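Look for chain A in each of the two complexes below; its partner is chain B in the first and chain C in the second.
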Partner chain A sequence: MAMTELLLDPTGMEEGAQDSTLSPRPVSLKGLTIGLLDNTKPNATLLLEEIGRLLQRHYGAGESKLYTKDYFGTPAKDELLDRIADEVDFVITAVGDCGSCSAASVADGILLERRGIPTASITSDSFLPSGEAMARVMGFPGFDFYAVKHPVASLSSEEIKDRAQTALPELLRILGVEE
Partner chain B sequence: MTITIDNSTAPAVDEEHLLAALDHYWNQEWTDGLPVVPVTESYLAEFLAVVDRDPNEILFTITHLNRHMTVRLAAINAAMAGCKPEYFPVVIAAWEGIAKEPHPRRGIWQSTTGTAPFLVVNGPVREELEINSRGNIFGSGFRANATIGRAIRLGCINVFGLHPHKLDQATQGTPAKYTSVIGENEEQSPWPPLHTEFGYEATDNVVTTFVIRSVIHIEARHSMEPEQLALDFVDTICRTGALIHEYTSALLVLVPEHAELFANAGWSKDDLRNFVFEHATRRRSALAAVGKDALSHKSRWRLPAAHPDAMPDTASGTDDPDNVRLLSHPTSVQIMVAGANNAGVSAVVEVFTLNPPREIPCSTSKIGG
Partner chain C sequence: MAQVTDPAVVDAAFKEFADMVANDGYLLRWTPDDDEKLVVTIDAGPDACADCLVPLPVMESILSTALEDTPYTLSRVVLPEGEGH
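This part shows the complex of A and B:
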């Protein structure tokens, strides 16, 4: 029989390091500064600001700061992520409602976690697999994020408030909030 | 009458072993759905031997995915796709062209838009590698065309993780995602070949890279007037369903018969390009009828004027606001010749790019250099 050889891996993935460590969880949000990272998709600002208000009203969170990405399709630039990590205590990022931006929102979450900032990323549930695939590519398989019910872009402000209310328990769980 | 086929020269294989290898690739999701060629280190070496490149050299990076297409990974995926080792320099040039395109590195292949890379090959290499430029150019049946394009697809899936339903969120995609490589039919074209328009010599071997949406056929078997034929192309370029941005771009793939009709009437490629540019307009009422008469102030995508994000398009601010241009530059139209010289059936390839700022909707790279 002829000599046999092993088949090669065509992905190069074995070279990628895994780092799936979450930042320390805050337990309580009392007095903590909220970072809201807006990817400019329709209704993202509305959704984030409503979540911010709910966290202040019901969980005693401190002031909120709104940041805006310059392009929704790729993760936020290092300078912006560094600034956010410097200025706030935890982050909510939204809203991944397209192929590239859903993955980018998940990537933003992972990049902020690696800067020590607890982060809850929000994508629409149509793009859950895209976010999960991004987490694997980023060396963080199983990274937890929230999938809001599709659609988001076409909702009224009342409907957005409902989405924010529904999201709250899951966002708190992801952030590790216990009180 | 009985025909006897001599099968004695066919190789004998260990079927079980062969299928186990193919199953391995399917199980790992290292394929486009079709079987791939099993690749070992010694077969890989045959590909690396035809190019003078460091196997670790990076050809294309998607920074936000932190993934890199190296020469070695390009070779493994080319071999899996069924390329012959001598095709590998074309595959390298294709990756270099893709790296120059603005959208792939920004995540367009994760997008719902569902675009595909589209490669045009010019120069003597077409004959050497038997890259089809004549009949059935968009169809199947030619190893070089089929496998060079597939080498890119497998690289996207395997190296960049662009699996459909996962990181690739294409809503519908396009059949061109399996493979799309054509040669220019330079020998039956009345005009200088495509690559010479970008400063290359006719004897240079060049890959021109586009990112495309659709390939649409133009049936014009009985046209005799160049203006009539050109307007047939214009109508397809201006179809409202294709409009996502303010302007569109197109590659005209003319069959020799259509190119001859223009050339015999004294039209150069630039004459055709300028005619198409001038006539590629729609009445504002036609755009309003399909809800694409304004732009989003956020994304600059076309949408209805009544939409809360709407702002006026560029034409609104001109002397003739009801006549909306759909091309931003004459060069948004690229022109080449391919297909058989047997009928008046050409194609418009819808190119996905942003213009402005891009005046030329494609990138070029020289094969083997």
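This part shows the complex of A and C:
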């Protein structure tokens, strides 16, 4: 009997989309719902939650919602991306600290932008080329994302807080926040 | 067998990518396919992270871009056994 197996496209390009237009930027985060897309890599949750707290405390962002991918090495599934797009106003994705997960984090950002959700993806600086190349492969060359200093997985909670604080200005710039 | 006249040019072009995959425990080597085409082989080191390797289309994009300023082009990439990206 013939067996079939579902293969996941690591580029998330099943539909061949080539849209390189960013979604409208929010200008202010006041009252906006934050989406935190966790790829299950060590310290991703901690980093995202700390960024969420900083955005609430200093920029008036509203509730944060944490989402978790099934697998770090491929883009999030359409069902999850659709759900996120329905429930939040902007998204932070993290953390791409390996070859496949950095590419996938950038892919998640692009797929969310194409759903109209401003998104800042976070990779580590050691894997910057992987994120940049994924953007090219997905038809969005120059897609802007943030590269946190490598490594991330081995950091203490205090060090993660420092990374989050350092990341904030660039994340705000990527999201188009002006205040 | 084909020869590459200036291997240092190729090594320099691939260095950033080689350093990147080394972070996940993989090693890059290359061989000439013909005079101006290169075969890149990725080998898994003893501590390679099994699920961390850059997806093949992304890898091909990085390697092809890296060769743009050299006389060479990418022929194909050979992945470690079991890496079916």
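Things to note:
We adopt the following convention: the second predicted complex is superposed on the first by the 161 of 179 C-alpha atoms of A that agree within 3 Å, B and C clash if a C-alpha of one lies under 4 Å from a C-alpha of the other, contacts with A are read in each partner's own complex, and residues count from 1 in each chain.
Going forward, a contact is a pair of C-beta atoms (placed from the backbone, for glycine too) under 8 Å apart; a residue touches a chain by one contact, two chains touch by 3 or more.
Predicted, not measured: the structure shown is a model, and the values here were computed from it.
Using the contact criterion defined above for the overlaid structures, shared-chain residue A:64 touches neither chain B nor chain C, since it reaches no partner. Chain A has more of its residues touched by B than by the other of chain B and chain C. Of the two partner chains, both chain B and chain C are touched by A:100.
Legend: residue contacts after superposition of the two complexes on their common chain; A:75 is shown touching chain B, with no touch to chain C. In the superposed model, A:45 lies in contact with neither chain B nor chain C.
By the touch criterion stated above, A:127 is placed in contact with chain B and with chain C alike. In the superposition on chain A, contact of A:136 is made with both chain B and chain C.
Residues common to the contacts of chain A with chain B and with chain C across the two structures: 10-11, 71, 73, 98-100, 103, 127, 129-130, 133-134, 136-137.
Here chain A touches chain C in the complex through residues 10-11, 71-73, 98-101, 103, 126-127, 129-130, 133-134, 136-137, 150, going by the rule given at the top. By the touch criterion stated above, chain B contacts chain A in their complex at residues 21, 24-25, 30, 38-42, 44, 63-68, 70, 73, 76-77, 80, 106-108, 110-113, 154, 158-161, 163, 165-170, 298, 309. For chain C in complex with chain A, the residues that touch the partner chain are 16-17, 19-21, 23-24, 49, 51-59, 61-62, 65, 85.
Here chain A touches chain B in the complex through residues 5-13, 16, 40, 42, 71, 73-75, 98-100, 102-104, 107, 127, 129-130, 132-134, 136-139, going by the rule given at the top.
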